[in-house]
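For reference, the structure I am asking about is given below.
For clarity, chains are labelled A, B, C and D in written order, and residue numbers in each chain start from 1.
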Amino acid sequence: MDYFYGPGRNHLFVPGPVNIPESVLRAMNRNNEDYRSPAIPAMTKTLLEDVKKIFKTTSGTPFIIPTTGTGAWESALTNTLSPGDRTVSFLIGQFSLLWIDQQKRLGFNVDVVESDWGQGANLDILASKLAEDTAHTIKAVCIVHNETATGVTNNLAKVRKILDDYRHPALFLVDGVSSICALDFRMDEWGVDVALTGSQKALSLPTGMGIVCASPKALEASKTAKSFRVFFDWKDYLKFYKLGTFWPYTPSIQLLYGLREALDLLFAEGLDNVIARHARLGKATRLAVEAWGLKNCTQKEEWFSDTVTAVLVPPYIDSAEIVRRGWKRYNLSLGLGLNKVAGKVFRIGHLGNLNELQLLGCLAGVEMILKDVGYPVKLGSGVAAACAYLQNSTPLIASRI
Amino acid sequence: MDYFYGPGRNHLFVPGPVNIPESVLRAMNRNNEDYRSPAIPAMTKTLLEDVKKIFKTTSGTPFIIPTTGTGAWESALTNTLSPGDRTVSFLIGQFSLLWIDQQKRLGFNVDVVESDWGQGANLDILASKLAEDTAHTIKAVCIVHNETATGVTNNLAKVRKILDDYRHPALFLVDGVSSICALDFRMDEWGVDVALTGSQKALSLPTGMGIVCASPKALEASKTAKSFRVFFDWKDYLKFYKLGTFWPYTPSIQLLYGLREALDLLFAEGLDNVIARHARLGKATRLAVEAWGLKNCTQKEEWFSDTVTAVLVPPYIDSAEIVRRGWKRYNLSLGLGLNKVAGKVFRIGHLGNLNELQLLGCLAGVEMILKDVGYPVKLGSGVAAACAYLQNSTPLIASRI
Amino acid sequence: MDYFYGPGRNHLFVPGPVNIPESVLRAMNRNNEDYRSPAIPAMTKTLLEDVKKIFKTTSGTPFIIPTTGTGAWESALTNTLSPGDRTVSFLIGQFSLLWIDQQKRLGFNVDVVESDWGQGANLDILASKLAEDTAHTIKAVCIVHNETATGVTNNLAKVRKILDDYRHPALFLVDGVSSICALDFRMDEWGVDVALTGSQKALSLPTGMGIVCASPKALEASKTAKSFRVFFDWKDYLKFYKLGTFWPYTPSIQLLYGLREALDLLFAEGLDNVIARHARLGKATRLAVEAWGLKNCTQKEEWFSDTVTAVLVPPYIDSAEIVRRGWKRYNLSLGLGLNKVAGKVFRIGHLGNLNELQLLGCLAGVEMILKDVGYPVKLGSGVAAACAYLQNSTPLIASRI
Amino acid sequence: MDYFYGPGRNHLFVPGPVNIPESVLRAMNRNNEDYRSPAIPAMTKTLLEDVKKIFKTTSGTPFIIPTTGTGAWESALTNTLSPGDRTVSFLIGQFSLLWIDQQKRLGFNVDVVESDWGQGANLDILASKLAEDTAHTIKAVCIVHNETATGVTNNLAKVRKILDDYRHPALFLVDGVSSICALDFRMDEWGVDVALTGSQKALSLPTGMGIVCASPKALEASKTAKSFRVFFDWKDYLKFYKLGTFWPYTPSIQLLYGLREALDLLFAEGLDNVIARHARLGKATRLAVEAWGLKNCTQKEEWFSDTVTAVLVPPYIDSAEIVRRGWKRYNLSLGLGLNKVAGKVFRIGHLGNLNELQLLGCLAGVEMILKDVGYPVKLGSGVAAACAYLQNSTPLIASRI
């Protein structure tokens, strides 16, 4: 039996790791295999072709690395930059902060553009930095597409536009950890040079795969980048791609089969339908928050995230107590507030393989917890608001029509 | 990929088969084994000891038969009765009807005591029949503890009292398929002679085990009962119990391990806490139905079932459409109305390994479906009523305090 | 952790339950579902069509019953015969004995044709019985295709020929529990009226499905057969077949998905290739036994079974000790000698989803055990004999050429 | 159905990834969880305590990193050394070659001590290098305990002795990827400063965990080491160890539960018994190779590996054809010869959760393949030699006595 058993399902609403579909669990429930047999390369070939679709790229080169999002960051940076290189990076929450910390520790010279937590990246400052940088000392613009700590989605199309406006050659590196496969993301159209995600987010797999995709320009940069790297080095992958054996070192057989199934599910639903579902669940959540009389940590609608909602609690409530109580009483897992917003926000993750009724169960749970901790919520109010919207907008399940 | 794939979890609220806990799925995910090795008898021994606890019996003898509830019925009848024997049986819904049909087809002479669907067994008629039967021609009183088709729970203590009042020696046979492990059931205290359940109900296992428990008096009766039987014959089991090998023919290895885990979960939660949880979820459901302005098919509070609620819909709505729509749009599985109440009721099963937020997700779904089919429900009303109750009555999860 | 843990795989060589392929385990690793949704009937339809192929019938009607082989026997008998009916049945080992016992206890009048254990059914006596029976008092000829206790395969084509020779209308009922999906079996060509198997045998599933197939003549007989039956009654299945919902009571969702995968695997390999593989493994086993200087319990080559080999041990050895030692020392599960041959034979099951190297590991284990218990085996001799044959006869794996 | 389906089990005898026990697969078959809930830290605490046992250390600090062996190497190096630092490293096969390549690419100054492939590390040269290095310019001695490409086990006790003899302060870094949990390994006794392994080797898990253990001296070194690192930085782990939340970024929930079960299995068997089992299986394999008349790639008995045997084939045979044929015809996965020994050796991995009969099945398969490819093997000879040894040396399974 498990540690800390409680009856019924755990309601997993942290913004990652997220719920794994049963069929993906099944696909992964298997013994190891020789990854040098013909079977694994044959499957890998389909995976590399198909993961490009989730980045919306045809020209990119994907790398499926046995690591986490943190490792994927490191792969993106060390393959394209050299110690001392100047980057522009936006600090808007805990995950952008951690990426900036990584950039610094890897020896880069980081121009940090800071915003209030709850705001998106300040792109005006980016514009002025690029404008000034006629010498092209800025080698990369690094941005987190969706800041998981505050539920803020940045406008990547606009970043590209600014880069283009100033004809600036800086690489455009994007953390898509809590966006790719859930939010609208267009690598080729937006001219993203490196995009990356982690398997345990919208792909709805276990942790263990950092998926990185490099544009031709990024690949070119990797040939001269001087950052020390071996485990994360794209070169070794490219060498094995040529050989047709694909793996420079042992991959997780189970995650490969899991990824195959996860991609099949995404394509069966249709990637655009998946994104629309996230938009629907995001909006439903925000309507509930509003009905409860609470504020979204995200300060403007243009930044609202469809994968995670950070909810501000009144000052007399400790948001950590909300999370604790959810787990202890309702078998509900919510996200804590992190760092600057610790105690002030709790987070509802609504990404990955999730449907309307799962979310409504969570929202009902949050209402009861709010009451538990002394917030004068009108029970049923958030669910009512979400239902009113969902009942109008939820499509029939395509395979069941 | 599965037939009829839809994103997110299926919300399974039919009154059986019910949700299987992940740890039970894990326990069953195994290769076959030799059931004649020392391992399987050693485990079986613990299972037979422990299943007695779910019947609340110390004197009973359990049989774990590779069959369904229908087979368990047949085992109860053929082991204790002879063709031509007179039984009294209560027709109050589809499952009691099917059991009566079985009794007739197995050659018994059945006194059918019929009630409106939505009412409990008419025990006054039982009393008068027993009163008249001074010759003791009635060999068995057969009763469904919880009629799954209408959500009606019969009062077994009262049946025993009537039998005792008339000092009638008839066997007391109880279908506990949708009650045992969920509702208060006391084999020894209530003098039940044969009680039975199926693995896919409150035990939260797959279908495949009919679990039958016989009192010493029932065992005695089996020695002279003349109904033909082999597969269902207790005698073969008793022979192998003595040998210590337990199985007259091959059991499902997977279900044995699953049962071991299912029992461990029940005991970890505490059987009385499990029953209290069902009472809580049953009441929450009924409060929601009331808030929606709909009627319970069950006509009196004394018969309200804590494992399934049959909801009457207005005449202008086809309840089957509610079920179809749930599946097609919200990945929600509700129970159809059966036979006499087809089209008139839909059923919410709330039994087995289930918690508050799962139920609330279902209730929110039902609200949206009601709106979909044209019933003027106030969205959020049922969830609000259920939450108001649950927020006051749900205990902390014991292992997490 | 499991009871009685030992490192490495258990080597399962009892003649049932047998090894389950990993992909079948995966297919079954799932939550329950509403069996009244469109999904389960849609799948069931394919299953009923496809199981006919394993019986090699186009005219038969299959029933997938949640029971074991013993229940499948009971279904075959009670649906076609009435109490008092005369059957001819062959006693050649423990399983034919148990079926005869069942026939008697169900009220039939059984003509038992007994042979030595190790011999096949005495068909000369059948011929003379049929010759004498001009009044056609014999209603059914019941025969076990493959007697699992002694490793004897009966000649069903010959039984049909005898029936035809005497133009005898008796039903031809066949226990194919340890033959179907492994040995050559032709329901239509051989005019079998009821054939049956169990899921845990050559289908390589868990226990829990008795699969029974009835010829048009058997179905016709079922209309007038007077044996009491409900759970096993084909009539209820036929009613639900017409409704298109297929199941008179709850099936095991998991086993349905498992059966789908098991059939897919059989058809992917090709049923005739599966049968050829069993022939190959059977012969390899017999060559090993010969090389060890031991005798096959089966007395003539014409009866050799390709699914199980019963090996006679010298009188100074207790065959049960061989089985015990296999389990205790080598994690090898062999079959015990049963009843008359208890202590005298041990059995090697070589049926189901099994390949050459698995068998060779088992044979090497048996050699070591024989040495352990004092039999002067030449180590390596049996494996050498089996390898010499297998190295010549094993085809390339079709999907890997 | 899987790509490249063949009947029966795959016989997995590559030296990693290795067979996963069924109970470990079960433990991992689960949904994601919030790794910030109390459950995961509570379990992690036990894991960190218990993994120390597999290193035989009480003073070491373990890091369970979501990476592979290659990543574990990188963690060991970058945390303890600075670019330009001098290391001594032994080139004796493909894996030591790759580690040396990594050391160079990470900017270290590597003294490569090369031996013939098939020989162990030349420790005399180590001694002379240390003798000369009175200035202590050598910062680390890096050695692969068991070279998986050639089946060579190095003598670590002797390395320590040499370091001690010269009172040399160099760090002692050990790749234990194919040794730890299988061969005798004693971190504290041998004064190893960093030891590491990967989950898919003798721990018998999927790929995905690099487990690194650091001595107090190594931890001290990490405070001043100047290699850039973030993902692999021990500092982040240590920070979260202090917080009691343990994980600087998302771990694989499934692998944590898998590791818990894998350790439980190891301790149930007893680590010394596990090592003895590997010794037994290693010796049995070598006896078979000898009986076939083939040579071990490993040139001296002192270097024989108990986890992998590299078998030299005659010049007229391409060892890759042996591997291909095993997979195509017998569902047997053997290891290829790598780099210098490509085409010349094939490898039998005999590590992890494996038992005697599994190995014997593999050896029988190899015999048939050898015959297939034209080598005049006497069929049965290798199995006979292995059995003769195993029948004398295999203990009873402790739990079954």
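Worth pointing out:
In this section, contacts are C-beta pairs under 8 Å (C-beta built on N, C-alpha and C of every residue); 3 or more make two chains touch, one makes a residue touch a chain.
All figures in this text were calculated on a predicted structure; none of them were measured in a lab.
Interface comparison, A-C versus B-C: the pair with the greater number of contacting C-beta pairs is B-C.
A centroid comparison over C-alpha atoms places C as the chain most distant from chain A.
Separating the centre of chain A from that of chain C, both taken as means of CA atoms, is a distance of 53 Å.
Centre-to-centre spacing of chain B and chain C amounts to 34 Å, using the average Cα coordinate of each chain. Each of the following residues of chain A touches two or more other chains: 2-4, 19, 22, 25, 29-31, 38, 327, 400. Touching chain A in their complex are the following residues of chain B: 1-9, 11, 19, 21-23, 29, 261, 264-265, 268-269, 274, 277, 327-332, 353-362, 364-365, 367-368, 371-372, 378-381, 383-388, 390-391, 394-397, 399-401. The touching residues of chain D, counted against chain B in their complex, run 22, 25-27, 29-31, 38, 400.
On chain D, the positions that touch chain A within their shared complex are 2-4, 10, 12, 14, 16-20, 25, 28-39, 42-43, 66-71, 73-74, 83, 101-102, 105-107, 198, 200, 206-208, 227-233, 248-255, 327, 333, 335-336.
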